[in-house]
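Both complexes shown next keep chain A, but they swap its partner, so chain B is in the first and chain C is in the second.
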Partner chain A sequence: MAKTRENFFGIRHLTVKYHSGNSIIHAVNDVSLELKAGETLGLVGETGAGKTTIAKSILRILPESSVESVEGDIWFEGRQILDMNDKELQALRGKSISMIFQDPMTALNPVKTVVSQIAEGYRQHQNCSKAEANKRAIEMLEMVGIGADRAEEYPHQFSGGMKQRVVIALALACSPQLLLADEPTTALDVTIQAQVLDLIRDLRNKLGTAMILITHDLGVVAEVCDKVAVIYAGRIIEQGTLQDIYDHPTHPYTCGLFGALPDLDKDVERLSPIEGLPPDPSVIREHCDFMERCPYACGKCKKFNNHMIEMTPGHMVRCWKANEEE
Partner chain B sequence: MAALVETQNLKKYFKSGAGMVHAVDDITFKIEEGETVGLVGESGCGKSTLGRTLIHLNESTDGKILFRGQDVTKLNKKEMVKFRKDVQMIFQDPYSSLDPRQTVSDIIMEPLKLDGSFSQEEIKNRTRELMDTVGIEKRLRMSYPHELDGGRRQRVGIARALALNPKFIVCDEPVSALDVSIQAQILNLLMDLQRDLGLTYLFITHDMSVVKHISNQICVMYLGQMVEVCDRKELFAYPLHPYTKALLSAIPTTDIHNRRERIILKGEIKSPINPGPGCRFASRCPYADEGCRQGVKSQEVRPGHVVVCNKAKEINQL
Partner chain C sequence: MIRYVVKRLLIMIPTLLAVGIIMFTLMNFVPGDPAQLALGSGVHTEAEIEAKRVALGLDRPFVVRLGEYITNIFTKFDFGKSLIDGTDIKWELMKRFPHTAKIAIFSIVLTVVVGLPLGIYTAVHANSAGDRVSLFVTLLFDCMPSFWTALMLVLLFSLKLKWFPSSGAKSLIYFVLPTIANSLGGLAGFTRQVRASMLEVVQSDYVTTARSKGLPEREVIYGHALPNALIPILTVIGMRFGSMLGGATIIEVVFSVPGIGQYLVNSINNRDYNACTGGIIFIAFTFALVMLLTDLLYAFVDPRIKAQYVSSNKKKVK
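Then we have the complex of A and B:
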């Protein structure tokens, strides 16, 4: 494992459990990921797959009251995030790693002007005067396309897309090396989404920020990511480069996700949904989590452990049949 | 054949501190029986208000709504009761549109009970039948909404809407809150129901790929007005309004080798409060000139393809 720690950012064997009533919810099961500086990874999955839990584990902002245990390694520039004390975490959050939350309506403080919110975060981490922080905040706002004349306005005076831009400015003010974007465009209209994605792409190219983009939208991933990890029931079931996943989707679940999308360029009479529902997260199993919904499942699937299989270098699939088909 | 639902110069304004919000402004369109009309546009453009006004959940400000040729705004009490049975609505959020203290069967039964013309036995049978139609397992009869996932909740909402054999259903973003794999299940269900029961839908959504999949006709709305109306294939093959073009180009595609050319809109969206004359899209339109700000007219530029843009012909070289 020593080798991997040399990398910029990585997660190894992350397992997160919540408690809920009398049962244990297995939200994240043995997830491992790696990211090089400047890379963008798309983390794709449906509601409840564990995407947001992974992001929150990285920043150590999981709700303490409901977490049962967090195991594994998360390292960032050679340091273990899970071993950090409060002071170290404080220095990390917002400065080296920052997060864009899904809902721009609730991520901002309604009683503070947007410029003061950005300046406040900046002053936390940089030893500077109020005036300098304000200057930086206005610069950031201008970078995301909000004029200085609107800096003294309050969040409610902005539209949804503008608010999300304020949130992005806030997240990028300290030039973090890693940005966690949790469904950053889901609450936005398509034309505004296109603007925000353009902005994210531009800023990433300009500042060299690495990013983990969490989304359920395969189209959004295709627009901005270099690498993709598909997550199902708390486990990564397929990962690889954008080309691996989009040109050669291999896991039946990944294929199912692509099949369930209405296609703009083709005319399909009926959609092919993935029948059934995700498994009960309070039960941990040895065999494949997708078995019950899988059109290719057979008796053997129950006997095989669901290990990852490497299809081509870096393209990993958690399905023992992956090599047998095609 | 007369259209099942038709509006003529329909308007719905809301009062606000700053003036009148023109949520639905002078809309004339029709929906043929057995068809699905897709209504697309961005949040706040008045899609939902139009849907709700159409079935008289909102009192209209001005204009006519015709259901089977009869003016809905002039119905008496008895006729209104009949109308209420014929039109139903499926809501966006399956989490807030079901009573958390009612069981699944209570929810589906309620319209049947309120109707008053069914016996206990009939209500029970019909409820069972409805659950079967929308694909909810019998064992969930006594479950509460919070025990169900989003897809099943939406099925309950659909069963409730179907209870009294409606003719026309307004589907207001019925799949927007659902995951893709579940979304496909619900879209298939809605299409099956339409075929089997001869339903007519107004399908409101902001998702262009969903609307393309389910609609016959598509209406594109912008700030309270229709900007383009035509057959779905026509719209995707020949979008003529600059707004529709931008909307289509903005859809993220999963085809990583053939990217669309993006039209990124600049400028701010005009306020719907006292918008005044002229094209409402002019503030963001790359082709707008002084004439557009003065007034805009609707024209049929290709057979059955209506676009509200002075420059449609010029821009598209028609």
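Then we have the complex of A and C:
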């Protein structure tokens, strides 16, 4: 493809609003991201920060009935996803961009065999015979470690970890260029988490797929990602390379996240959690989103208008103190 | 699976037994003297009535008669004879059942053919103008009593336009109006049921997964959502069909269709206790059979239910 690597995939000024009763929920506020082919971005944030909403807006599979508006640009290989018609979207979904869903228990259709659920997507995009699609589906299942003898079984006959493998096989069946992995390990127990993570990483390396990994697990990010974006209350509050974020965490929220991690090298009595709760998503604030919970908050934060400050090239922080430290 | 069917068929026996005993007992306590009714109108002497009573076997104790009645039904499929004209109730029911079955089958087909797509459409386009119009129209039909709808249909299509005959059951064209009148009322409920269960399924994660694979919307709705919404829909279809097979009483009377429902109404009007009891046991039987078929269809639709049937059988084997 005669396209520059830079415009492989990107999001600019994405703003998503839901309506809930009489109030508007500002789920995603002015999020911008960029991704090169083959790169892995970690999207980190606590529950409700808007991570899944970002992923679902990329595939345009947000629940139509509750979405108020989706604004901004999402481009993939030079094309605008938000302007696509149904036909173009169907060609994109599953083939170029596919998604691993958060909850494997509910992501599979209970009345269809797993092999048919994988095969139908492949058949849709490759225009091949049913037998060929089935063969591919069984290959995919074997790749994620599920034997061909279990292919004709239904999701209820699988354990949670195996269902997650099926979901992964399903997402990778058409060798997509971009994989959106939405907390692929959250619903699994710790031993299976490691297996699934290894699996995703191996497959990504083998297939050269770019990936957006959504998680709230900083350990996972450190193992898999090249770049990191930390999301708080629907905004990216810090983004940069893995080294930027892990070696020089700057935003108080990012620092707080690291403070809440157990560290084997240090002898600390207790972990230090971030006090308080995320702010009300139905209100747009005139000041810094994190002010109420920030241990360093002062009067100047009230006037901060939530703009990004570039620390070093590529390392952006949404906190006025970042500027001062330089 | 076969084991399950056999088990269910065996369970039907005590059900029907209970229906038979209750019906026979109730009818026994209904005021009025069957012997006198059997003799017909006019004045009869005590001796005549007593003789008739002996002839009908009504002089024997209640328990003996009950035992005999139940035994005859279960061993010889013999419902006894009508008190009024002495016809064999079994043959009378058999003769009338095809008419009732026709109305029931046509009505259920019409309900499903109209209600299913309408329900799916209204679920997919929930709260749209089309959804509201459909709700209003089906609710309107639901609010009209079926005898009134039936009469209005006769007024318009038989008397005014002369498209369809208003009464009888000579050929299929006679069934058009009864079928429509019989379906309109239930259509609202059925459409709402389809809409409700589809609405729930359309928002589930696996439908989003299906969409994220790049499947066309039609495939997503009919291939992924609908099969998961079918269980409650099948239940409604089964219940409606089962009760319709018991005779659409009002419709049969309005359109003079000689079906089971009309037979029951006549037997009640004539105090023909035997015919009434027999008819109701027959209805219970067809209803139980349809419900069994519905349960078996569940297994076809949902592999989890099938697994339950199979595993419960395995337990029995052990």
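The rule is simple: the second predicted complex is superposed on the first by the 315 of 326 C-alpha atoms of A that agree within 3 Å, B and C clash if a C-alpha of one lies under 4 Å from a C-alpha of the other, contacts with A are read in each partner's own complex, and residues count from 1 in each chain.
Note that a residue touches a chain if its C-beta (ideal position, glycine included) is under 8 Å from a C-beta of that chain, and two chains touch if they have at least 3 such contacts.
On a predicted model such as this, the values are computed, not experimentally measured, just so you know.
S.K.: Please determine whether it is chain B or chain C that touches the greater number of chain A residues.
M.R.: Touching more residues of chain A than the other partner does is B.
S.K.: Once the shared chain is lined up, is A:Gly160 touching chain B (first), chain C (second), both, or neither of them?
M.R.: A:Gly160 sits against chain B, while chain C stays out of touch.
S.K.: One more residue to check, A:Ser98. First (chain B), second (chain C), both or neither?
M.R.: After superposing on A, A:Ser98 lies in contact with chain C but is clear of chain B.
S.K.: A:Asp217 contacts which: chain B (first), chain C (second), both, neither?
M.R.: In the superposed model, A:Asp217 contacts chain B only, not chain C.
S.K.: Taking the superposition as given, does A:Leu108 touch the first partner, chain B, the second, chain C, both, or neither?
M.R.: In the superposition, A:Leu108 touches chain C alone.
S.K.: Looking at A:Glu238, would you say it contacts chain B, chain C, both, or neither? Reply first, second, both or neither.
M.R.: neither
S.K.: Under the contact definition given at the top, report the residues of chain A touching chain B in one complex and chain C in the other.
M.R.: none
S.K.: Applying the document's contact rule, which stretches of chain A touch chain C when the two form their complex?
M.R.: Within the complex, chain A touches chain C at residues 56, 59, 61, 63, 65, 86, 89-95, 98-99, 101, 103, 106-112, 120-121, 124-125, 154, 156-157, 167, 170.
S.K.: Can you tell me which positions in chain C touch chain A when the two form their complex?
M.R.: On the chain C side, the touching residues are 126-127, 203-206, 208-217, 219, 223-224, 227-228, 301-304, 307.
S.K.: So in the complex, which bits of chain B are touching chain A?
M.R.: Touching chain A from chain B are residues 42-43, 149-151, 179-185, 187-188, 191, 206, 208-210, 212-213, 233, 236, 246-247, 249-256, 262, 264-265, 269.
S.K.: Considering the complex alone, what residue numbers of chain A touch chain B?
M.R.: Those in contact with chain B are residues 46-47, 159-160, 189-195, 197-198, 216-220, 222-223, 242-243, 246-247, 256-258, 260-265, 267-268, 270-275, 277.
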